[in-house]
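What follows is chain A paired twice: with chain B in the first complex and chain C in the second.
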Partner chain A sequence: MVFSSLNFLFIFLPVTLAVYLLVPQRLKNIVLLIASVYFYAWGEPVYVVLMLLNILFNYVAGLQFAATKNKRRRKKQLILAVLVNLLLLGFFKYAGFLVGTLNSLFGWSIVWKELSLPIGISFYTFQALSYVIDAYRGKVKVQKSFINFAVYITMFPQLIAGPIVTYSEIENQLGRRTINIAKAGAGIERLILGLAKKVILANNLGLLYTSIQASAERSVMTTWLGAVCLAMQIYFDFSGYSDMAIGMGKMLGFDFPENFNFPFMADSVTEFWRRWHMTLSGWFKDYVYFPLGGSRVSALKHIRNTLIVWFLTGLWHGASWNFVMWGLYYGVLLIIEKYIVLRVMKRLPSPVQYIYTFVVVILGFVLFGNTDFTEMGKYMANMFGGGASGFIDGAFLYYVKNNLILLILSAVSCSPIFRKLLNKISRKNSYAAIGICLVLFFICVAFLVYGSYNPFLYFRF
Partner chain B sequence: MQKKKQKLNIAEGAVLLGIVIFIICIMSANSSADVPISVIEQKMTEQEGLSDMFRQDAASVKSVYGIVPSEFMYYKTDAVMDVRELFIARASGADEMDAIESAAAEHISGQIDAFTGYGPDQVALLEHSVSMKKGDYFFLAVGDHAEQWQEAFIKLIG
Partner chain C sequence: MKKSNENRKKFHILLTVCLAFVVVIFDILFFVMPDRAVSETENRNLQLFPRLTWNTVTSGRFESQFDKYVADQFPGRDAWIAAETTVQRFAGNTLSNNIFLGSDGYLIKSFTDRDNDGYTAAVRKVTDVSEKHKDLRQYVLVAPGAISILDYRLPVNGAAVAGDEDRFIDNLLRDFSMKGLTAVDVRQNLRDMDASGIQVYYRTDHHWTTDAAYEAYKVFAEAAGITRSDVEYNRIMVTDSFQGTLTASSGFRTGETDSIYVYIPEDTGDENDQGPGVYNVINVDTGVKTASMYEPAALDTRDKYAVFFGGNHGELKIQTASASFRNILVLKDSYANCFVPFMTADFTNIIMVDPRYYLGDLDQLISDEEITDILYLYCTDSF
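On to the complex of A and B.
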C-alpha cells in the first residue's frame, strides 16, 4: 500500500486514526503496531514474517545488554547483532549483485536464485542497528517492552521509505506522547503538501523524463531538460514521501526528524548534502564516519573515511554499480571541495556557486537514475553534444511549451517560497490556509483517480 | 540472573533458527535465476511466432500498460487487429510486481472488451492468454504460441 493511493487515504488512514485516537493511552501502541503490520503485510504478506523475526532478534539483543555488565560479553553480543542485521540486508539486497560481479570478473557461472527485495529492509535494518549500537554504548536505555520496540521499527509512516529515525530520537516518545489539535492540524497540512509534491509534481515530471529518455534522438537542451526533470522527480518523490511520513507522525503524536531542507538551494555540494536525505547522512556520520575518526585525523585518513562513507552510501541506495559510482562521485567531489574548491568558490559571485552546484548535482542524478551503463553513457554524451541532434530542437520547445506550468511550479517548489507563503497565510487567516490545503487535496485526488503512473522511487531501497 | 541469561540465549538462538528456516523456505518457494532481461530477450526472440513482431520501447509500454517497469521486453505487431504480444518484465520489488500484474490484467480485460462483438478470433486468443510470475519476473503472452513461449521462459529463469 502506498501513501498516495486511494485505499490508503480513504480507508486505511482514517480507520487507523479513528481507532488510535479513541483508545486509551495504554492501548495506542498496540493499535499502531497492528495497523503497521497490516500496512506492511498488504504489500509483503511473506516478508512480514522476516520483519517480525528481525524485530524479535534485535529486541532480545537489547535485553542481552541489560543482562550483563561484562564488557567482553557485551562486545560479542554487539558484533553478533550487527553481523546478523548486515547479513540479512546483504543476503536479500546484495547477494545477487555480488554473485553477478564475481561471475563477470572471473568468468565463473555461479547460479543465484534471485529473491524479491523485502520492502523497506534498508530503512528498518538501519533503525534496528541504531538501537543495538546505542544500547551497547549506553546512550539509550534498553527497551523492555516488546510492543514499544516493535512500534519503533514498524511505525507505518516511516517503515518503508524513511525518514530513518534513530532510537535515541524517539525513545521518549515511544512511551508517552502528546496529541493535540494544533499538532494534528500541522500534521494534516504536511501530509497534504507531501501528497501534492508526489502526485502533482513528481509523477508528472516522471512522465516527462520517461518520454525524453525513450526518444531515439535528443538535442543537448532536451537531454538537459530530461535530466532536470529526473532530478526534480526524485526530489519531489522522496521529499514528498518524507513530508507525508512526518505529517502522519504528527497526527499520531510523534516528532520525526526532518529529511530535506530545500537541497536545490545549496551553493555547494557540501551544502547540498547537508540538505538532502539528512537522516541517512546523519546515520552514516554517527555509526560509520565518527567511529572511523571523522575529520579529526590526518588528511589521508580523512579522505579514506570520506570515501568509505560515500561508497557505503551509494551501495545503500541499490545493488548496482551505478549507485556505487554515484556515491563515490559525491565522495570525490566533497573531498575536492573541502581541500581545494570551497575556499576559492566562496570568493566567487553567488550565481556562479549556484550554477556549479546545479550542474554537478544534475550530472549526479543521471548516474543515479540509469542502471544501464550504455544508456547512461549515451545520455551523458548527449548532454555535452556527443551524438545529440543539435543544440536545440523542436522537441525541446514542444516539451517546454506543453509543460510550462509544471516546470514553473516545480522550480518554485524547490525553493521555500510556497512554504513561507502558506505559513504567512496560516498566521493571518487559518481558514484560508485550510482552504488552500483542501483545494490541493482535491487536485491530488483527481490526479490519483485519473492517473495510472504512481510509482514510489525510494521503495526499491 | 544466570537463568535469565540462559533464557535470553535460548530465545536468541531460537530466533536465529527461525530466520534460517524462513530463508530456506522462501528460497525454495519463490525463486528464479538471475537472468538479465537482455539475455531473456535474445533467447526468446529465437522462438517460433515472434519473427513478425517488433520490439517496443518504454513509451509504447507506457501507452499500453500505463506503467514502465524497471526492466522489460515487449514485442507486438503494428497491425491494429493483431492482438498477439509478448511482455516480460522484471520488478524491483513486490510493490512494482503488484503494479505490473494489475496493469497486465487491466490491459487484457480492456482488449477483450474492445474486441468483443466483432473480433471472435482475437477474443479467443486473449481469453487464452498466458500470464505468470516467478521471482522478480512477470510474463504475459497472447498468441498461438503463448504456451510454447511460456515453457521457454520457465526454462530460462529456472
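On to the complex of A and C.
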C-alpha cells in the first residue's frame, strides 16, 4: 500500500488508528503488528512470509546473544546473523544484477529468472542489522518480546521507505510511549505537508521531467530544467514520504529520527550529505565507516574507507551500475572536498559555494535517474551543448511558462520558509492554520482522485 | 510566548478533530452511496468491488483493484476532478493528458513524432494492401489533426513541445505518391476554410466537422476524376450539445459544447427519385439493413459523433442509385464517418472497412465486390 492513495488515507489509516487508540496499552503493539503485516501484505502478499521469517531469525539471533557468554561464540553468532541478512538481501536484490554483470564481463550466458524485489527489503534488512549488531555490542538490551521486536521491524509508517530507524533510537519507545491528541495533531500537520510534497510537487515535477526526457531534441536549457525537476522530484518524493512516516509515527506515539534537513540549502557536497537521507548516512557511519576506522586513520586508509562506504551507499539504492557510479561520484567529491576544495571554498563568496554545490548535486541526480547509460550519456551531453538543439528553445519557454507556479512552489519548498510560516501562523491564529492544512489536504485529495499517476519511486530500493 | 505555545497546541488538537471529522464523513458517504458502474464524464467503466478469492488476493490483483475501487467510487469523484483541473488552470497549465488548451476554446490534441520503426509501420498500414492491388485506382487521404491546421491557436511555444504532424503528413504523402497511389492533400483547403471563418474542427473533440469533411470530399473527388453533378444539400444541425472526448480526457472547458451538422441531399419531391439520398446501408457483421447513414439514437448518448453510422463497424456496405458503376472500398477510421455520406452520388457501391474491427479477408472482399477504387482515409493517429 502506498501512503499517497485514497485507500490508505481514508480506510487503512483511520481504521488502524481508531482500533489502536481504543485498545488498552498492552494490546497496542499487537494491533500495530497486525496492521503493519496487513499493510505489507497488501503490496506483497507472498513476500510477507519472507519478512516474517526474517524477523523470526533476527529475534532468535538476539536471544542467542543473551544466552551466550563465550566471546568467540558470540562473534560467530554475529557473523552468521549478519551473513544471513546480507545473503537474503543479496539474493533478492542483487542476484540478477550480478549475473547480468558477469555475463557481460565474461561473455557467459547464465540464465537467471529475475525475481521481483520484495518491497522495503533494503530498509528492513538494515534495521534488523542495527539490532543484531547493537545487541552483540551490548549497546542495546536483547528484546525478549517477539511482538515488540516484530513491531520494530514492521511498523508500517517506516517499513517500506524509511526513515531507517536504528533499534537503539527506538528501544525505549517500544515498551512505553506518549500518545496524546496534541502529538497526534502535530503528526497530522507533518503528514499533510509530506502528502502535499509528494502529490502536488513530486508527481507533477515527475511528469515534466518525463516529457523532457522523452523528447528527441532538447536545448541546453531544457535539459537543465529537466534535471532540476528530476532532482526536486526525487527530493519531494522521498522526503515527503519520510515526513508522512514521521507524522504517522507521532500519531502512534513514536518519535522517529529526521531524514532530511533541507538538503538543497547546502553550500557544499559534504553539507549536502549531512542533510540528505540522514538515517542512511548515519547507518553507514555506525556500521561500516566507524568499524573500518573512520577518519582517525591515515589519509590513504581514510580515502579507502570513504570509497567503500560510498560504493555501498550507491549499491544500496539499486541493483544497477548507475547507482554505484552515483555513489562513487559522491565518494570522490567528498574526498576532494575534504583534502582540497573546502579550504579554498571557505574563502569564496557564498553564492559561488551554492552554485558549485547545486551544479554538482544536479549532475548527480542525472546519474541517479538514468539506469540506461546511453540515455544518460546523451542527456549529460545535451546539458553541456553536445547534440543539443541550441542553447534555448521554444520548448523551454513553454515548459517554464506552463509550470511556472509549480516551479516556484517547488523552489520555495526546498527551503524551510513554508514550514516556518505555518508554524508562525499557528502560533498567532490556530484557526487560520487549520484552514491552511485542510485546504492543502483537500487539494491533495483532488489530485489523488484525478491522477492514476502515482508511482512511488523508492519502491525500487 | 506562553500564548503562542497554547495556540500551537490548540491548532494541533483542533486539526486532529477536524480531520477525523472530514475522514469519517467521507467514509460514511463512501459506504452509504451506491457504487456507480460508469462515469459519464470520463466515458469509461468504473472499478466495482473486486472479486475476493484466494487467487486474486495472493496474486495482488484484488489489492490493486481495491485501490482503484476506492478512487473510482470516492464520494464526489467528479467534483474532485473538476477541482483538480481548476487548480491546474489557475496555475496556468495549458497542457493536460497531451491536450492543449488553445485559443478561442479549442482543445487541440498533441502529436507525437514517430521513430523510424513507427514510420515504417505507418507506411505499411497502406502498402500491405495497396501493393497487391496495383491495377485499381487507389487514393490516400491523411486527415490532418487540428494541431496542423489550427496551429496558430496553440498556446505560445506549444508547438515546440509537440511533434511535427505536418512533416509526418508530408512524408507519408510523398512516399505514397512514389508508390503510385494518388495522394490527396486537403491541408491547404482546410486552412483556407478556417481563414474564411468556417469551423474546421470541433472545439471539444478531435474530429473534423462535417463542413470540413465536405471540403475534403471535394478535393478527393477532383483527384478521383469525378465531375460532381450539382448535388444540393440541406445543412441541418442535429445537436448543439456535443461534448467530445478531448473535454473528458483533458478536463479543460467542461462547460463548452459543439454543434454537429449533417448534410442531407435535397429532396426532389419526385416519387421516382433515384438521387443521392436513396441508398441502403447493410451492416455486414450483423446483417442489419437500413435506409439511413444516421443513427439519431446516438444523439441521446454522450458519444454524439456516433450519429454517423452509429459509430465504427467492421464492414458496412452502402448500395446507391448512382450509375457511375464504380465500386469503392474505403479503408478508414472514424474520420471517414462524416465523409462517406458525400459519396452516394458518385459511387454505386461503397464498402467501408474499419481494420480495427474487420476480421475477414480483404483480398477476397476486393474481388467479390468488384472493387474499382480504394480510398485509405485515416487520421494521423491511426497510422
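Methods note: the second predicted complex is superposed on the first by the 461 of 461 C-alpha atoms of A that agree within 3 Å, B and C clash if a C-alpha of one lies under 4 Å from a C-alpha of the other, contacts with A are read in each partner's own complex, and residues count from 1 in each chain.
Rule of thumb we're sticking to: a residue touches a chain if its C-beta (ideal position, glycine included) is under 8 Å from a C-beta of that chain, and two chains touch if they have at least 3 such contacts.
Since this is a predicted model, take the numbers as computed values, not measurements.
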item	value
Per-residue touch tally on chain A - higher for chain B or for chain C	C
Which superposed partner A:Val352 touches (first chain B, second chain C, both, neither)	neither
A:Ser211 touches, of chain B and chain C: first, second, both or neither?	both
Which superposed partner A:Ala381 touches (first chain B, second chain C, both, neither)	neither
Touched partner set for A:Pro14, first chain B, second chain C, both or neither	second
Which of chain B and chain C A:Leu53 touches, first, second, both or neither	first
Touching partner for A:Leu404 - first (chain B), second (chain C), both, neither	second
Partner chain(s) touched by A:Ile119 [first = chain B, second = chain C, both, neither]	first
Touching both chain C and chain B, counted on chain A across the two superposed complexes	43-44, 46, 211, 452
For the chain B and chain A complex, residues of the former touching the latter	1, 4-5, 8, 11-12, 15-16, 18-19, 22-23, 26-27, 30-34, 57-59, 62, 66-68, 70, 91-99, 103, 135-136, 158
Residues of chain C touching chain A in the complex	4-5, 7-16, 18-20, 22-24, 26-27, 30, 57-60, 63, 66-68, 70-71, 74, 77, 80-81, 83-85, 87, 91-95, 113, 155-161, 251
Chain A to chain C touching residues, read off their complex	1, 5-7, 9-11, 14, 42-46, 181-186, 188-189, 211, 215-216, 393-395, 397-399, 401-406, 423, 426-431, 433-434, 437-438, 441-443, 445-452
Sites on chain A touched by chain B in the complex	2, 43-44, 46-47, 49-50, 53-54, 56-57, 60-61, 63-64, 67-68, 84, 88, 91, 96, 99-100, 111-119, 207, 210-211, 213-214, 371, 452-453, 455-456, 459-460
